[in-house]
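Both complexes shown next keep chain A, but they swap its partner, so chain B is in the first and chain C is in the second.
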Partner chain A sequence: MNLRAELAIIGRGARMQQRVIGALIIRELGGRFGRYYFGYVWLFIEPMLLGAAIGLLHYWRDRPTAFGPFEFFAIGYILFFVFRGILNRAPSAIPGNQALLYHRHVTLPDIFFARHIIECIACAGVLILMLFGLYVVDGSIPESPIKIAAAMALMALLSQGLAFLWASMSYAVDVAGRFLQAITFLILPIGGLFFLVEWLPVWAQEIMLWIPTVHIFELLRDGQFGSRFRAIYDLYYVAGWIVVTHLLGLAALRITRQRIGLE
Partner chain B sequence: MSLELINVHKSYPMISGRKVVLSGANGHISRGEKIGILGRNGSGKSTLVRMFAGVEAPTKGRIKCSMSISWPIGVSAGVKPTLTGEENARFIARLYGRNEKRTVEFVESFAELEEYLRMPIMTYSSGMRSRLSLSISLAVDFDCYLVDEALAVGDTRFGRAFAERIERSGLILVSHSPALVRRLCTRAAVLDQGNLTFYDDLDEALATYNAL
Partner chain C sequence: MPEGQQNWLKWLLRKPFLLLVILPTLLAALYFYAVAAPQYVSEARFVVNSRSSDANAQMSAMRGLAGAALGGFGGAASGEANSVRDFLTSLDAVMEADARLDLISLWRRPEADFLARLWDTEPELLTRYYNSMVNVTLDPTTNVTTLRVRSFRPQDSLTLAEALLESAEALVNRLSERARNDTLRLAQQEIDIAERRVLESRSAMVRFREQERDLDSAGTAQAAVALRGQLEAALAQARAELTERLQFMRPDNPALQVTRNRIEALERQIVAERSRHTDTTAVVDNAVLSRQLAAYERLMLERQFADQQLASATASLESARVEAQRQHLYLARIVQPNLAVYPLYPRKLTNLASIFVVLAIAYGIGWLLIVGMREHAA
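This part shows the complex of A and B:
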């Protein structure tokens, strides 16, 4: 087969996958919220409400610092919500959608891609809305929107790799899914949402920098107020996590796919 | 264009040992052929259906498929109960790259659902559900329809319309009912204890099956 023919096959495959994911997104949106349009609004309101609540809590409680506590916590929470939203839904992704595999060009990763795209669009929308809101209220502009967007993308990719793995695990062992709720809750205080690495003693910095989300939060804060503190992060480390979790996760999904007994 | 089985083995683990569904099946089904596959309960018909549908892989051997085969008609292949019949039809149309409007129009004219087409599936009776999913699959227009016996192609107006429509395409009907196979198929195979034997003569296949 010559190169052109091979490219044509790849192109056809890509178009088909695009079609499948598009169809899945529309189906997921219609199904997740039932028949009420308020559901679509909830998609945006949930992260916004939680983010704003945490932001306001700190705004009232904290002593004034170099950073607006609302900006620090509310925006940070949106990033955490990407992680939480993708991972908490992972265990239900396969059992809830396996009947779709009867359509032979629907694959397990497609089902995840569709859900993750929805999650990302909702959170990106809220993020933009909040940043715009902050600009209107006190004229603050993030120093590097590119870094904020990059942090968002990295968080989504990391969550996606972990979601592949977690979904496969909880398909094999039912209780694994229940542990996850606890784990995403436990990672909240140490994931990087509530602190800057700079604030920690050196020995604690070294420990915390093993956690990939800490690097991503540092990147976010670098984008928000980079010149006002020393951001400490290593994007190669995060990229390593993303690549490894994707490779392992996709392999796990492949094994899971063979074990799925469709009824 | 055809579906070809090349030395296909299929087994799956049981509490003790493995259950063998196929041990070295060979066969060839051309486009447009109407073939019945007969098997007693528990002989592995449903597994075979899933393998033909391309959603379950053989343990060993190969299934070569160069025509479009439907999902097994009769299973609720991912129909979402909170969505309406129309939305589900649109979903399938998008998935298979078909024109959404034409798909919905076809389902509208074929499924006899009237205003229920715009109601959530969870409000449907089981008859309405199966009419909807059959109509959607006919709208996609496959080379070959894979039909599990669960389907009641009964002697109703819809049943006759379905049989008439399927005349124009290929059919793989997996069933334990010789009468249904005789009515709809021109060739048959018998699945028994891991052996899938194809017969060109329908009567020979039915006689073999009845003697089991």
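This part shows the complex of A and C:
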């Protein structure tokens, strides 16, 4: 067994995995929206409607902020939608696709990757559309699009790691999945969507900065209007969360896969 | 021994955990324990205070860190503390310290190891390096700013910390001086304006008096009115006397002539009195008098206002002086910079442990992903 042969096998596996994920994406889309052409549009409309609704609600209710409330809440909500969309669908991922595992080439992470890629593309599309719409309507340009994209990617990765863990957990213990709705609901007010860390008193800042999504939202706002406030975030902390949840999550998925095999 | 060497390499390649995690950790350990130069830390703590909390701060300073930890600073100025922190991490502070101490040679001592020593000497890159070696943190609850300076010799750390503290002190004094001057200058300007107004009103008064040849128009007018009243009263009395005497005297009685003469004299006197303040007629006479009176009263009012303004400006200058006394800022040292004995940096064990943990986690994820890929090819 030499290195070159090993690399060749891995390369072949990678190409195969790519094709499996591609196929799973198509299957997932078909399963979720039916095979009508209009169905795919729903993918974009759902986050857009929710984001726009939240944004408009705040736009009418509270005007006197330094930032446009629509920009603040609608764009923020898209990011939250990534988190919510990925996590809420996590518990159903394994039971819903268990039959696929009879194909030797399909692995558990593939199923998750396919779903998460769909969510990411949909939300990124809506994000770009909204930013463009904002530019057209009142000519506001985000200060650093790179930071917005980075926030989006970090949010997707964090949700992915948590989704791995959560799916394995709810497969092992059925009740865990039921708590999830409640937890994503609870994280909404404290997850950083509705405030800037700067607005909080010092003691509350210290508590809030334990929550990884708060850092990601700060990064997003820094990208949107960084020069108008003091953003407080630590990307190493977020990276730590992502890395640790991925490690534990991927390992948990392997364990879960063996348990499925035993049945 | 190329054969043996190759075998050794192959063996290593077959143990990826050793290659990717253990080996880098060992290399790091080699660096930290054999190569890395010891770095000495000099630490100082200070608060930026205003004078109102003078006694309090000195007491706390005497109690040292314990006092600071209790957070007993009433008038600590946190805005200025933020400015001091921003200044100490800025290019400006670096240039100031560099001019005084030659930072480049300080961080390029021969004992410095190749990874930790200063390489780039451009001001911006020097500032970046400076910020990795000098750490300024402000505790927002106690307002204590902590300054930590690292270098390769204990004496260097101490002198740099001392120099930074001195330039921070200079900054605070500059800020304080500026604030004080601003407050006082505004009050002084107010006084100048009020004084000018008082002088103007006085000179307007003098001009008016010269013009009208009258010291006190109101008094004059009053006196004139009073005099006329008296004359009119006397006239009325004389007329009544005449009418009374006509009852029992013949009109050509010479005794009546005296009374008639008095009436005539009084009438003449009244006419003369009326025409004194006048050009020609009695109507104009009243108008002139009242105009004069109005102008006089306006001037009096102006003088009163000016006096009041001056009084209030003087009072506000006094309170501005008090305020400026209170605004007097100063930097109170709580902990003097120390001369390090034991090198606290680099943190060998902490760094090694974190390198190991990070590599192990990254390896774990990589392994899981690659094994996942391999499964597809099986």
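In the analysis below, the second predicted complex is superposed on the first by the 257 of 263 C-alpha atoms of A that agree within 3 Å, B and C clash if a C-alpha of one lies under 4 Å from a C-alpha of the other, contacts with A are read in each partner's own complex, and residues count from 1 in each chain.
Assume contacts are C-beta pairs under 8 Å (C-beta built on N, C-alpha and C of every residue); 3 or more make two chains touch, one makes a residue touch a chain.
Everything numeric here is computed off the predicted structure, so don't read it as measured data.
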Classify the contacts of A:Ala23 with the two partner chains as first (chain B alone), second (chain C alone), both, or neither. first
Of the two partner chains, chain B (first) and chain C (second), which one does A:Ala14 touch, if any: first, second, both, or neither? second
Once the shared chain is lined up, is A:Pro109 touching chain B (first), chain C (second), both, or neither of them? second
For A:Ser144, using the defined touch cut-off, is the partner it touches chain B, chain C, both, or neither? Pick first, second, both or neither. neither
Using the superposition on chain A described above, determine whether A:Gln258 touches chain B (first), chain C (second), both, or neither. first
Which partner does A:Leu100 reach: the first (chain B), the second (chain C), both, or neither? first
Touching A:Leu247 in the superposition: chain B (first), chain C (second), both, neither? second
Is A:Val202 touching the first partner chain B, the second partner chain C, both, or neither of them? second
Of the residues on chain A, which ones does chain B touch that chain C also touches? 16, 20, 104-105
Which part of chain A faces chain B closely enough to touch in the complex? 16, 19-20, 22-23, 26-27, 30-31, 34-35, 97, 99-106, 258, 262-263
Under the touch definition given earlier, write down the residues of chain A that touch chain C in their complex. 1, 3, 9-10, 12-14, 16-17, 20, 104-105, 107, 109-110, 202, 243-244, 246-247, 250-251, 254
What does chain B use to touch chain A in their complex? 50, 53-57, 71-72, 75-80, 82-83, 87, 90-92, 94-97, 120
Chain A touches which residues of chain C in the complex? 13-14, 140-141, 358, 361-362, 364-365, 368-370, 372-378
